[in-house]
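Heads up, the next two complexes both have chain A, just with different partners, chain B and then chain C.
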Partner chain A sequence: MINMQPYQNPTYFLFITLALIPIIIANLYEKKLHWYQSISTVAFLLLSFGGIKWHQGIALIIYVVLEVILIKIYYEYRKRANVSWIFYIAVIVAIIPLVIVKITPAVYGGKASIIGFLGISYITFKIVGMIMEIRDGAIKEFKLRQTVEFLLFFPTISSGPIDRYRRFLGDYDKKLPQKKYLDMLEKGVWYIFLGFVYKFFIAYFFGTILLPQVGQNALAHGGISWWLVAYMYVYSMDLFFDFAGYSLFAVGTSYIMGIATPMNFNKPFSAPNIKEFWNRWHMTLSFWFRDYIYMRLVFFIMKKKLIKSKITIANLGYLTLFLIMGFWHGVTWYYIVYGLFHACAIIICDMWLRFKKKHRDQIPSNRFTKMFAVFLTFNIVCFSFLIFSGFLNTMLVHHIMK
Partner chain B sequence: MKEQIIEILQDLTGSEEVAKNLDVNLFDTGLLDSMATVQLLLELQSQCNIDVPVSEFERSEWETPNKIIAKVESLQA
Partner chain C sequence: MSVKKRLFLIFGPIVCAALIIIGFLFSPFRPDKISQSIIQKAALSQSAQVFKGMAVKKAAFKENYVPFFGSSELSRIDALHPSVLAQKYHRSYRPFLLGTAGTQSITQFWQMQGFGNELNHKKAVFIISPQWFVKGGIDPAAFNYFYPRPEIVNWLLKAKSTEEDRFAAERLLALNPKDSTDVIDDSVLRIAAGQHLTSFQKIYLHLVKNELDREDQLFSTISLNNRENLIKQREKELPKKYDIVKLDRVGFQLGEANTTNNRFGIDNHFWDHKIKPVYKRLAQEQKHFSYIKSVEYSDFQLVLNEFAKHHTNVLFIIPPINQKWANYTGLSMAMIQKFDKKITYQLNSQGFTHIANLTNEGTQPYFMQDTIHLGWRGWLAVDQYVNPFLTKKQSNPHYKINNYFYTKKWQNMSY
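Right after this comes the complex of A and B.
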């Protein structure tokens, strides 16, 4: 049986187009084809998790069955009672598979865990979000079929964007007026074509043509060189256009299906500071961390009055958030340093913002300072991506081997 | 009620802007960040006796002083 990874080659796009035709027609008649959508979900999952990847397919099925049972049990429990430690246990149990998948390669010299599959972290985010909203009483109804459709929604299964249950459910059930759907259809098609430009032209140029050459020169030179600086910028461009391109495919496909999956990027390189950068870069992930980790932690600490200083609480929140984000990327020194780097950057950014607020009259603000802010932020971000790329690790290994 | 909320917002943002322009977008302008948002929820809880869990905090529904006032009034009703 054939196997195809999402949005990787023309045939996959041909399949998507064919599969979407009935959905488009139904939506134009202001109807929803739920049963057909379920069938296409199964078909596309088979395409990506069947054939040579069948073991991932099995892992996915077992994972989803167990997690859905967990959500259901917690939901039933929550209707009757609401004890904190049960909630903590539910969250911990939900993330155990992801933790195992993330730790295994670090312990077994890069070997992948057998329970892992493409996109496990993105599904886990959705599940943990659901459990937290069930605890808050925000999710009042557990619907089995919709939950499975939400978790396995095929346009976003491999790398997000991370949608939210209640938002998704609204779109899933809502019959759109024709005019509104036409608008979405137009946007969806536009996003996909923009994605082509991003991923198959710009990211291809930076990532496939330029990056290997620049990398080789930087390695040959060793240490700090202009090649290393070039590597930093080329890698950053590749990272953005590749991921933003993929996200555009995922969002575009969702829109064509009448589901407004949230956007992942909003001109991140024009952010005037690091705080604003995280409102624009991989937004569904950073908002997930903001809403489910940072705000909850801060809320908890302030409500229980564990720490007095507001600044300390905020900084502790940042450290927690970015350390978890670092570990989530993978258990390697450079991902964790990347997390710490951003935590420090945002803490310093907050210090500056407080200082600026106090001395508003003395600090100049004009076109030049604004341009400088964007320039500085861009370079700090690119440097963080150099850490993230793991290239410094490659250089280190290369140096030791020499 | 209205004055009370505006006072809370003035305290949290350290700015008169929120009293002058009740339709200012608190998040886009950077007047309110996540930390201040949590403080706002806690203040509303203690002063206005309304309980808003973090999950129910949908930014688009709380982004201006006017929207916050409307939201609090609807939650008290």
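Right after this comes the complex of A and C.
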């Protein structure tokens, strides 16, 4: 059986197009084809997790069954009681598989865990979000079929964007007026074609053509060189256009299905500071971390009165958030350093913003300073991506081997 | 706006674009011809696109271009480089440079699939680098860089359950190139296992072949490295008439003038950029290097097999190593002699008898442009073999291919 990774080649897009035709027609008649959507979900999951990747498919099925049972149990429990430690246990149990998958390669020399599958992180984020909202009482109704559809929504299964259950459910059930759907369809098609430009033109140029050459030269030169600087920018461009392109495919496909999956990027490189950068870069992930880790930690500390200083609390929140994000990317030194780097950057950014507020009249603010802010942020971000790329690690290994 | 009009505005452009592209890529219709000037540029460019492609190579070998297979030494374009000599002295042939830093036997084998039958009963020059013959053969990253999709598809359509094809497929799997099409991956797997392709696979591969051919024709000659001016400049450094004594003097003078900042006779620029930063570390560093046991011998056999199949008459050149440099790095000359014997046996025993063995010339001044790459006087020495071989009539070769050279036993034989 053939196996295809999402949005990787023209054939996959051909399949998606064919699968979407009935959905488009139904939506134009202001109808929802729930049963058909379920069938196409299964078909596309088979395409990506069948064939030579069948073991991932098995892992996915077992994972989803167990996690849905967990959500259901916690939901039933929450209707009757609301004890904190039960909630903590539910969250911990929910993330155990992800933790195992992330730690396994670090312990077993790069080997992937057998319970892992493409996109496990993104499903886990959705699940943890659901459990937290169940605890808050925000999710008032647990619907089995919709939950499964939400978790396995195929356009976003492999790498997000990370949707929220309640938002998804609204779109899933809502019958769109024809005019509104046409607007979405138009946007969806536009996003997919913009994605083509991003991923198959720009990212191809940076990632496939330029990056290997620049990398080769940087390695040959060793140490700090202009080639390394070039690598930093080329890698950053590749990372952005590749991921943003992918996200556009996912969002575009969702829109055509009448579901307004949230956007993942909003011109991140024009951010004037690091804080703003994270409001524009991989937005669904950073908002997830903000809402479910940072905010909760801050509230928790304030409620228990563990720390008085609001600044300290915020900084502790940043450190926790970015450390977890670092570990989530993978248990290697460079991902963790990447997390710490951003935590420090955001703490410094906050300090500066406070300082600026106090001394507003002394600090100039004009077009030049604004441009400089964007320039500085861009370079700091690119440097963090150099850490993130693992290339420094490759260089180190290369150096030692010599 | 009516629904129909909006739908037309949304999908109209896509449908048009799709129709044009499908018509363009998949139709077997091939109107354009590759021009002389493009061939000339491509022959000198050493571009990966040309190397991996098929259209330009085929067109070139219909003309008087002769493939010069090799690797990084081909880019040492000084005044005595084969391309300069051929042009300056109006030879009946022009070299088509095939290979650059990072290409080895297996990459050459794959790109040869793109010749079709253009090389049948013709001549070729092949420069062997001893440095290829390290234990594991080619670096997978380098292989991936030259991953020749059009050639692989072409080859799959012709592959049979022979020793050669099975070995080629196995190597392909071992080097694990990332082809995003599973049909191709699966087809390679089938050939490696000695099975036939399914009819679906065949139809699919035919369509892909059309598409790749088209891509190759359209894009492989875009932004070629233009070296024609470089060649013209180099020509000016040469005497009007071909005179070996005068040319040797030119080689000597050029070598002398360009190797002033080190005691190894290495080109100044190369020394400054590649060697100087790491030079201290390299002392006696290559003492244990060995080019004797390597999978490269079987990869090389694939190339020989291909030549035999097409009855191509080939001149093999085995370049030396800069002796002063080898003394410094501790590279064993006894090992090089063994390498020499082993490769020569593989060639001779199968009927490849045109061998220019320059191994012992490493002591000559300005023979090498740097550490392991031919230059100035070395190129002139090469010309003493190349010119007669290509311009005079040669008797037809008789090849006897021996599959023994695909075995682990041969790869690991110490000679």
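The rule is short, and it goes like this: the second predicted complex is superposed on the first by the 402 of 402 C-alpha atoms of A that agree within 3 Å, B and C clash if a C-alpha of one lies under 4 Å from a C-alpha of the other, contacts with A are read in each partner's own complex, and residues count from 1 in each chain.
Just so we're on the same page, a residue touches a chain if its C-beta (ideal position, glycine included) is under 8 Å from a C-beta of that chain, and two chains touch if they have at least 3 such contacts.
On a predicted model such as this, the values are computed, not experimentally measured, just so you know.
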- Task: Based on the superposed arrangement around chain A, label chain B with chain C as either clash or fit.
- Result: fit
- In the superposed arrangement, which partner chain does A:212 touch: chain B (first), chain C (second), both, or neither? second
- Query: Does chain B (first) or chain C (second) touch A:82, or do both, or does neither?
  - Reply: neither
- Task: Scan A:182 for contacts with chain B and chain C and give back first, second, both or neither.
- Result: second
- Query: For A:222, is the partner it touches chain B (first), chain C (second), both, or none of the two (neither)?
  - Reply: second
- Message: Taking the superposition on A as described, I'd like to know which of chain B and chain C A:365 touches: first, second, both or neither.
- Response: neither
- Task: Could you look at A:51 and tell me whether it touches chain B, chain C, both or neither (first, second, both, neither)?
- Result: second
- Taking the superposition as given, does A:393 touch the first partner, chain B, the second, chain C, both, or neither? neither
- Message: If we overlay the two complexes on their shared chain A, which of chain B and chain C does A:8 touch? Say first, second, both or neither.
- Response: second
- Using the superposition on chain A described above, determine whether A:136 touches chain B (first), chain C (second), both, or neither. first
- C-alpha centroid angle, chain C to chain B via chain A, nearest 10°: 150
- Note on the structure: Once both structures are superposed, the least CA distance from chain B to chain C in Å comes to 30
- Query: Where on chain A do the contacts from chain B and from chain C line up?
  - Reply: none
- Listed in rising order, the residues of chain A that touch chain C in the complex are 2-5, 8-9, 11, 28, 51-52, 178, 182, 185-186, 189, 193, 212, 220-222, 402
- Note on the structure: Seen from chain C, its contact residues with chain A in the complex are 3, 6-7, 9-11, 14, 141, 145, 180-183, 274, 277-278, 281
- How about chain A: which of its residues touch chain B in the complex? 132-133, 136-138, 275-276, 290-291, 294-296, 298-299, 302-303, 310, 313-314, 317, 353, 357
- Touch list for chain B against partner chain A, complex: 14, 30, 33-35, 37-39, 41-42, 53-57
